[in-house]
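Both complexes below contain chain A, partnered by chain B and then by chain C.
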Partner chain A sequence: MTVKKLGLRQRYEHMTRGLDWETTYQKMDDVFPYDSFEGIKIKDWSAWEDPFRLTMDTYWKFQAEKERKLYAVLDAFAQNNGQTNLSDGRYVNVVKLFLTGISPEEYQAHRGFAFTGRHLRGAGARVAAQMQSLDELRHLQTQVHTISHYNKFFDGISEFPHMHDRVWYLSVPKSFFDDARSAGPFEFMIAIGFAFEYLLTNLLFVPFMSGAAYNGDMSTVTFGFSAQSDESRHMTLGIEVIKFLLEQHPDNLPIVQKWVDKWFWRGHRLLGLVAMMMDYMLPKKVMSWKEAWDIYFVEAGGSLFQDLERYGLKMPKYADIATEEAEHISHQNWAVFYQYTHAAAFHTWMPDKEHLDWLSAKYPNTFDKYYRPRWELWAEMEKEGKRFYNMALPQLCQTCQIPMAYTEPGNPAAICFRATQFQGETYHFCSDGCKDIFDGEPEKYVQAWMPVQQIFQGNCGGATVPDVLAWYNMNAGADNMDYTGSPDEKIWKEWHPDADVARKAV
Partner chain B sequence: MTVTAITPDYVKHIEIRDIQQNFHGNILVYVHWEEHLSFCAALAFPLPPAMPFGALVSDVIAPHYAAHPDAAKVDWAVVNWMIDGKMAAPDFGKSLAENGMHHKSLVRFWTPGLTGRAAS
Partner chain C sequence: MSVQIKTVDIAPRRQTFGHVARRLGGDKPASRYQEATYDIQATANFHYKPYWEPEFWTYDTRKTAVVMDDWYKPIDPRQYYYAAYNIARANMNQAVDRNFSFVEERGLLAKISPQARAALERGLLPLRHLHWGGNMNMTEICQRGYGTAITAPCIFSAADQLGMAQIISRIGLVLDSQSATSLDAAKKTWLEDPAWQEVRRLIEDSFVERDWFQLYVAQTLGVNGVLLDFIYKFAEPAFADAGLSVAMLTEFMQDWRAEESRWSDSVVKVVAAESAHNKALVSQWATHWIARAVEAAKPLCSALLGDGGKAALAAGEAARLRAAALGLEV
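Up next, the complex of A and B:
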């Protein structure tokens, strides 16, 4: 007698959907209370396509294999003192930005997908969300392990979970994920699954991973490879979600369009940190933010939305404004951190002449006209011993929580101010995109924990800068301020005593 | 209610975090020096509404913008003011409140002849 083996597809059906059932002791609506209040209509959950057809046992096997390879490379990197082979000591600040600004959001994504993996009624979608939840948790863990090696030598790394909940600029990624996680499961899937993990993911991971490769950070590159197969699974889930929702019922279209508009804009604002990293923080540059935006959003995103047009879905609102801003945001963001370097948990520096020339070449329409004069003015002030610091706290946008440093569309010489009234209170915004999001759900955003307002209300350790930095667990004098003169620079120079560390005068 | 929420009484559970009462008698005031983008954004200050507008200028605005090379050349008598989106001629002897300012007011000002270096 021959034992029949199940085919891959049958096996998957048995191991996932075969484990699902229609409840009878309790009403299905009571078991899945979260999947109807958002107004999304699903006629047939079985129409959900499972492109990967991965079962749990195979998942563990794959991930364990990748884990073994990753940790072997991490061990080798540590034993060979890989940190001394970076392009420059400044590079480590990219790693700090990643660990403080991105890794905690992997954890938030883990929590969010665990929630959707519990609350979506369809078994196929539930299984996919559960696996992504585990992926995200694993990404946090492997990132922490990868970066922990740098923590032995460099500042600004050890307090990342504490800082995530408190530091002013980390409220930007935190509030982004808080917003997604406090929405319903379908909005979360569009926010994180589609907008973040599909539409914008290449603008996050490609810059960090190629930046690592160009700058000798082989440990982060290896992490990137280890996460890559997960990311392609996440992308497939993201695109499946949006197609599934749009195919299920025509009433879903306006709801999905509103979420796509919102999460595109929120994602664009968040990615401004990556823009600044690419244009200012990588000692060896990969490409400019503008080039990355053109390839990954204008071209790739453009053809994606052409493909989605048959469902009636349009390009996200303000996509044209975001593309115009790709000329500006990296410069504007680095200027924010340059002048608030005393309150940042990574180091800043004045771009040298070679760097300014690179920016002039990459941004021929805008850099010489608006930004080069700013850096040159500040360089002159540095030379005179009057390094420029902003000694007041900035106005923040009520939606994205970023200092309101962005300029008026069509006029890069003037700040873009938008405001709205709600129940007698005034709220300020950096853009029409952020204002629209607030106006769509004002009761949600009036609750925002705004770092500047919280300091003034006396909730952040005290009234002075040292009080607040202590409350952030920031080691003042080591974690913050310019790279030049930092303990990071000192240790780098000890490893490279003969390196030409004299920076070219501007 | 516009929030899409599972709880029908969502608004009963929310906490508006930045109401004036939370600022210990102060109002939040935003100030921005136009055409001087060295200062990356408007600056935020918690101030007593009874503070004279003149004191806002001399004790708050002037010292916080002093680092800019143009700062020493500002003639406050010829500055153009905009308060909450409207051009204004604030009375320096009167209070912020008497000049129509409230919690989270935005004061923008232009300094004729001084436009920074390429608006920086």
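Up next, the complex of A and C:
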């Protein structure tokens, strides 16, 4: 008797989807109650192509090996006081932004992929989602361990989960992920699996990790290298999801297109924080946000959408506006945080001359005309002891929750305002993109926990800035305000008594 | 004499995160488990109600009827965070690979009696589907549960269940010379053989359980405590001359069960000890699911061991004793 041995692909299928069965004692629709309300039609789950083939034994082996190496570096970094070898004390603010703004979203992704890892009807897709759920938990936990060492020396890190649930600008990433988590399983897969992990990951993950590499943050960059193979698995899952949905039924196209439009714009708004980090917060610059946008979105994203064109999928709506904004967004965001430095858990500063010249060179169309004069004025005011603080609470966009500081397409001299009426109330938006998203699901977005409105309603500890900061667990005078004069600066100077001289000499 | 390397000593300004320090009762050095676990899940100021369950927030204590003052009380005695978990499993898996090589190189499963082969095909291989059901349940608890202390170990447990389903599948592939015919047959057995139907009914019923802590009790005390223990501990005589090989190839399951139950038992114990209300609920759930599991195991037990279901009753008795030791009234 001859037996036909299995190929690798069939073997993997037996190890995963082969475990699944059609339930009969309970209806399949009761076992999988959430996969039909979004209107996505799946004719045949068996057409799902496993994006990677990792059985659990291989997963454990690879991941354990990576973890052993990573933690050896983290231990060595701590033992040798690696934090003293950073390019500059200012760099740590990048780490603060990451741990307070991004790491909690890794956690959200972990729980979200557990949701799709249980509730997608196709078992092959479930296994892939579960592995991503594990990976995302890894990312949260290794990031906490990486940044734990910085927390021992620097401010603004210590209260990251408490702040994540309360602080005004952290409501931007939080609402982004709450939005994806409260969507159905297919929208979650497109929002996080495709838009976030595939289309935009090079503009989020990579800038932080390259920034770490350029600025002597050996522990964070080691995490980055260690997570790279996880990220590429996530990307293959993201692309498989979108192709699978589009191949399954033509009726899926308009639904998927709407999600791609929505999550592209929401992602673009969230990435504004990364733009600011790249252009303003890295003492040693990797590249400008505009350059990154051109490489990773205009070029790479452009060819991706060319590839997806055969399914009828178009470039996300307002991609052209986003590209125009790439010349402005980092400056406009930094201006917001500079004005509200008293309410932010990281430090701000006005760029020095060398930095201003770099920005002028990188943004020839916009920086000298719209932003440099303002920075020079604010620097002048600082010198005169009249540092500019904005003590009024800003109006927030109802969708992205960012203060309304962005400008009109085609007119960088005017603030962009949009509004919609819904059930007798007026809602405000920073852009057409955010307004469209609201108009698509108004019942959802009216629920948003809006930080400024909550302060006015008395839900945030009180009516004064100190009251609200206390409610944020923000240690005023240490976590917030300018870098100059901060305890961070003090400790950095203790380690590097010549730092200031060296900086000025350049 | 000792060698002393001089290093620069820089005094830290704080030992750990604020939320961790509050739990430790002061700013003290914290373990990696503590920093990776405490207060990680969001608890307040959520933005949107889920479309798929608008009666709750995404993270909501009301998704179970048990009430905890603090869902970070049921911590993991194994102190697993991702790295510690994966390294532990990678180590366990080295033994799995060695054991498979040992059995395969010597052709031990090729030499077994027809009676033993039939018992493996009927009694062991369909268990891969029950493990897969366990994977679905633990993934569900991870997504619906409350607090990282309990939900993070649940995704580890889900991965373990998938891993064990894959080990059973590998045993099938050794038996059928890597053709998967035994796996196809095992699925048919799982779907049609009367011996398995009450087990399948139980796990399918658990799939629609909405109270996530009841599901936790059903899975850990009912499915793991009765059904898995029945097969892995009580059914060995059925595998006759394949018994020793099966014991080697399922060593992972023995080690896993001993290790995971340290965690899962401790969670049940802590939650039940919280209040009379919790104790009554958890006791009721444990009684119900252990009894169901015993009933489900009986036909399987009779078919495999021909003992009229005695070994299933013994597995149930052991599970009840275990539950009683956790402070439950069962």
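Keep this in mind: the second predicted complex is superposed on the first by the 490 of 506 C-alpha atoms of A that agree within 3 Å, B and C clash if a C-alpha of one lies under 4 Å from a C-alpha of the other, contacts with A are read in each partner's own complex, and residues count from 1 in each chain.
Here is the rule we use: a contact is a pair of C-beta atoms (placed from the backbone, for glycine too) under 8 Å apart; a residue touches a chain by one contact, two chains touch by 3 or more.
Since the structure is predicted, the reported quantities are computational estimates derived from the model, not experimental observations.
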First, second, both or neither for A:G184, with chain B first and chain C second: both
First, second, both or neither for A:T142, with chain B first and chain C second: second
Contacts of A:Y34 with chain B and chain C, given as first, second, both or neither: both
Larger contact residue set on chain A - chain B or chain C: C
Partner chain(s) touched by A:W378 [first = chain B, second = chain C, both, neither]: first
Touched partner set for A:Q421, first chain B, second chain C, both or neither: neither
Touched partner set for A:Q447, first chain B, second chain C, both or neither: both
Contacts of A:S46 with chain B and chain C, given as first, second, both or neither: neither
Which of chain B and chain C A:Y389 touches, first, second, both or neither: first
Which superposed partner A:P403 touches (first chain B, second chain C, both, neither): first
Shared chain A contacts, counted only where both chain B and chain C touch the same residue: 33-34, 37, 183-184, 444, 447-449, 454
Complex contacts: residues of chain A adjacent to chain B: 33-34, 37-39, 183-184, 187, 332, 335-336, 339, 369-370, 373-374, 376-378, 381, 386, 388-396, 403-405, 407, 413-415, 417, 419, 423, 425-428, 440-444, 446-450, 452-454, 456-458
Contact footprint of chain C on chain A as seen in their complex: 3-6, 10-11, 14-16, 18-21, 23-26, 30-31, 33-34, 37, 55-57, 59-61, 63-65, 67-68, 70-71, 79-81, 84, 104, 107-108, 110-112, 114-115, 117-118, 123, 126-127, 130, 133-134, 137-138, 140-142, 144-145, 148, 151-154, 157-162, 164-166, 171, 174-175, 178-179, 181-185, 444-445, 447-449, 454, 473, 487, 491, 495
Complex contact set, residues of chain C against chain A: 7-8, 10, 12-19, 32, 35-36, 39-52, 58-59, 81-83, 86-87, 89-91, 93, 96-97, 128-129, 131-132, 135-136, 139-140, 142-143, 148, 151-152, 155-156, 158-160, 162-163, 165-166, 169, 173, 176-181, 183, 187, 190-191, 200-201, 204-205, 207-208
Of all residues in chain B, those that touch chain A in their complex: 1-6, 10-11, 14-19, 22-24, 26, 28, 30, 32, 34-35, 37-46, 64, 67, 69, 84-85, 102-106, 108, 116-120
